[in-house]
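By written order: A, B, C and D. Residues from 1 in each chain.
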């Protein structure tokens, strides 16, 4: 077992934890955090699996950078919608969710 | 080589227009369509002409060959989707230009979102690279979320938030699937994957992640919950765009990846499961649509139901003979295009009816047939296609799917097709019965501008025409696919 | 502990196990993309492979990624509430922060510049530099410093659009000789990438700053929030 | 007709009404389309008169490719269909060009007409089915045109049965098409042979027989006919009873495996059903109180007689040539006569308060024709008998068929007598919409004269047998008239509702009503209780449906991510297991 798999497995674990958080929580901010944890998990898998003894693979690194930017943008967008929703309704969760 | 301009223009042009519309004053934003629509139509038609004359091709962005660079695939399927997008989005844009005059606050930011959405969709249709598809999905998905939120009412915000959460979860699952596929095959290009794909645990798990991620974005039952509030509650042109085009994006990716991985890799169990979920969608969506009291909610649930038909593609194409698979391909694409046209028409004409009576309640439509026969006519024509009555596109699609199901001895899908048609007839006639009934509720109606009626009518007629002349489009759609041009 | 949570936990464990299995079972790829990247490096115009992938081999991804960022800003603009911005409302009344800012700001700018420049031969690049720039903007905002040009909507929007427009323009311009979209001619590749990176850095920084600034103001009390919301139609 | 001209005529026949219907979409033109709508059937009429069977047009751009053309049989069908639509259109000019909702009426009219003509000239299955469905569904708009309770109910029943019929037809056609050489573009002409050899032969025949039977008024699938004929505007009823009912017959003729294999069991089933229809419909019909509904039952009865011919053909393929002529002649005769009778119902109401003699002569002609005394009726009945009794290995029982046909004619006579009697009661009773009586006159004349056209088209009509059968035709008429006179004097009609068995399909209210009456409770009281119960049940159902809907919606919404994880786990783990 190579060290690389440790990273990938950590990524998998983060993804699983994030998924649980995403399901379990109702508070939208927490769900967003869970989403970001899942995202980190995927990025870790992406980078972790690329180390297979043939040197560093720059492609996953580039993909992860793109992925991070996309995640930042999505999170920002979600925060905007969330804040506006909170101000309109005073709720931190979605209706019909509880 | 000038002709190759049109391929990158298909996404570069909407992107540029998106930026431009952000820079000009709000009054000028709607007017940009008079530049954009002709140019995009020209580019789409040029791509089609080249496809027909010169055959399918690969476009190497940056001049880098596929696994290193990103390629675009210009085959029949991609071009078909591009033309469909151009037609539907152009008409929706024309509709929106008039419709949004009543919503000045929302209208100024509708336009940049529309162009970015368009760029994202064209990016998806052309993409040959599974990671590029992820970015394209995000562009399309976030633009769609933004459009849903445009109204900024509490309902719209909640719908947008729910949609966003679903979209984010779906994208991440897809991304993880892509990560696993890259780790296994060392390539992101579909052509490379097609060559290398082999059945092993990693591929299967990756496929599961990709499927589920895309299902969530396509809103297949039972993961459809975000769709009705988002599509039913948005501004009318937004609903039309979302229902007609956006959900097709993720389905399209799923279809491509399924075919790329090939019958050795894609498990029959999953195919049948997708078919069963599709059948569930047809029944559940139909039932819910029938129960609705709000016109646009009814149409939104009808989308939930119609998505189900598309997923019959998977059981019909996996592990069946070449003839059945070809029919399934033809039928699914016909259903997809016909639904795009009919659903856009249905939403637009529903918007017109709502505008005319000033209420979203179906029960308030009593007697509207006397005042707005044209809006009702478009609604009916589109309904004909959704019900699958001849000679509409919906009928042709179902006819082909029926043949495929019979040929592959999967008669149980026939029941879905038949009962689904009856259910759609039930909810379409529910609207009709109300509008033909004479009642005291209204004695006059507001007359919406002619543009609104005409755009809806064009789309509705197109959904019928595509069924009448199905032969040629289906031939083009097969160009460059595994089903040959036979 | 409800049934829902238990089943959620079980399902997540199942998903994790399946994923772990997939990771373990992975066959090594036959395709060797790193080799291809290494072979193509001399034609890329930069020395760092990640930057080469980001801005040359897979520059189309980056283009769309910038579009995603822009999208977030558009939505934020669309959802901005009608009430005027109150810059001082965001500022923390903290003299120390203001004092430190005077020292930090030049440093931050230098770091951003360095990151941008470093991108061509070592880790770094437009996004990293842009983020650092944005951090400076956020700090300024927190310190309650208002700068006229940051509040100028037209200028701001031009800055936001600059990166994507340049990127698109370069991509389309290189097509004039007949090359595909985004094909940099070898002799200009380095320069073009640098120009793109520069404008991208600026736009990314501005994008992140405006996302921060455009977020609807925060109200601690839900009732108060509802009240405010009620006032703005 | 030369090739190009013939091809143009073939295209114009269904194309003109279709094009007019599409042009209706332009609001500015609508006003002008109404007045010319009656003439939309003229190209088809000209085609029927002057076209040559055997000519075909290929429409390669349509669906999967389509073919139009005429055969010897379809030419006759096209003739009377076009003529009836034309006459009904002239008659109903008021509906088409003025009056309430005339624009809507006009567009449905044109599309129904286009479908009806299209299905006759179609040579391939797809076009045939498409036209059939177009006609079926567009006709819904015509039936509910008056928008009162009765029309709504008739429309509802019609729609349910039509959808059922369409589904059955589609199933049959699909299964049959599968057995042909080109499953995607099967030609109608290939269907009978393909069905004869198909493994699912019985299933296909059953679904086609029942599916087209909805249109052709097969017993137990016939409810929509009396309801629709009674509720629709008169010209529509004429078109429904004259032309569209024959579309069902044409469906049988072109799809069932007639003349390829002898299918004894199917032959017996179809013949028995036909005989049952012939008698039962007459018995129910004479008890009706509305002229148009009496006519509807007469149609069912007459279609039953035609069914006997079809059944015989299925039974003994050798009889084919003779029976083909008989069925075609019978169809021609019945459609024209029935259309004339329907149009007459309105003419008599509007024309005068005290009907004059010539009017009654005109009304009597089609009635006499149906009873079998006019040349057309005589020829039709004679040729049917002639066909049934031809030299073929058939069972001994068949020799009783002429007697049965004679008995059926008694029923027909009684129905006609009842109809004319009711008409007399209704004459001038209320102000009907002014109508153009030219249409009625045209079709009445055609009832008499069209039989002369048959020899021109090369259809061998057994004139001699007809003349010889005159005596045979007289006694049922005489008997029928005597019966009618007796009934008029001493019998009161039974209270049978227009949709007869449909009422029995919802047996509970009826039974409860009977039981209540037996116990001495009055009808209204029982009805009130029943209505109460119904309302309560409906309310409870509504509440349950609401609760279920809200529950499921909340489930999908609240637990979307949980469902996502569940599906992900299932798909991933199962596909790993499979790998």
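Before moving on, here are some points about what is shown:
Just so we're on the same page, contacts are C-beta pairs under 8 Å (C-beta built on N, C-alpha and C of every residue); 3 or more make two chains touch, one makes a residue touch a chain.
Fair warning: this is a prediction, and the values are worked out from it, not measured in the lab.
The most distant chain from chain B is D, comparing centres defined as mean Cα coordinates. Two chain pairs are in question, B-C and A-C; the one with more C-beta pairs in contact is B-C. Measuring from the averaged C-alpha position of chain B to that of chain C gives a distance of 30 Å. With centres defined as mean CA coordinates, chain C is found 16 Å away from chain A. Each chain gets one centre point, the mean of its Cα atoms, and the points for chain C and chain D are 70 Å apart.
Rounded to a whole number, the gap between the C-alpha centres of chain B and chain D is 40 angstrom. With touch defined as above, residues shared between interfaces to two or more other chains in chain A number as follows: 8, 15, 19, 22-23, 45, 49, 59, 63, 66, 70, 73-74, 77, 81, 84, 88-89. Annotation for chain C: residues touching 2 or more other chains are 8, 11-12, 15, 18-19, 21-23, 26, 29, 32-33, 37, 58, 61, 65, 68, 71-72, 75, 79.
Counting partner chains per residue, chain D has residues 553, 557, 561-562, 565, 568, 572, 576 touching two or more of them.
Chain D meets chain A in the complex at residues 553-554, 557-558, 561-562, 565. For chain A in complex with chain D, the residues that touch the partner chain are 19, 22-23, 96-98. Chain B makes touch with chain C in their complex at residues 1-2, 4-5, 7-8, 12, 15-16, 18-19, 22-23, 59-64, 67-70, 106, 108-109, 112-113, 116, 119-120, 123, 131-132, 135-136, 138-139, 142-143, 145-146, 149-150, 152, 176, 180, 183-187, 192, 196, 198, 200-202, 204-206, 208.
Of all residues in chain D, those touching chain C in their complex are 559, 562, 565-566, 568-569, 572-573, 576.
Taken together, the chain C residues at the contact with chain D in this complex read 4, 7-8, 11-12, 14-15, 18-19, 21-22.
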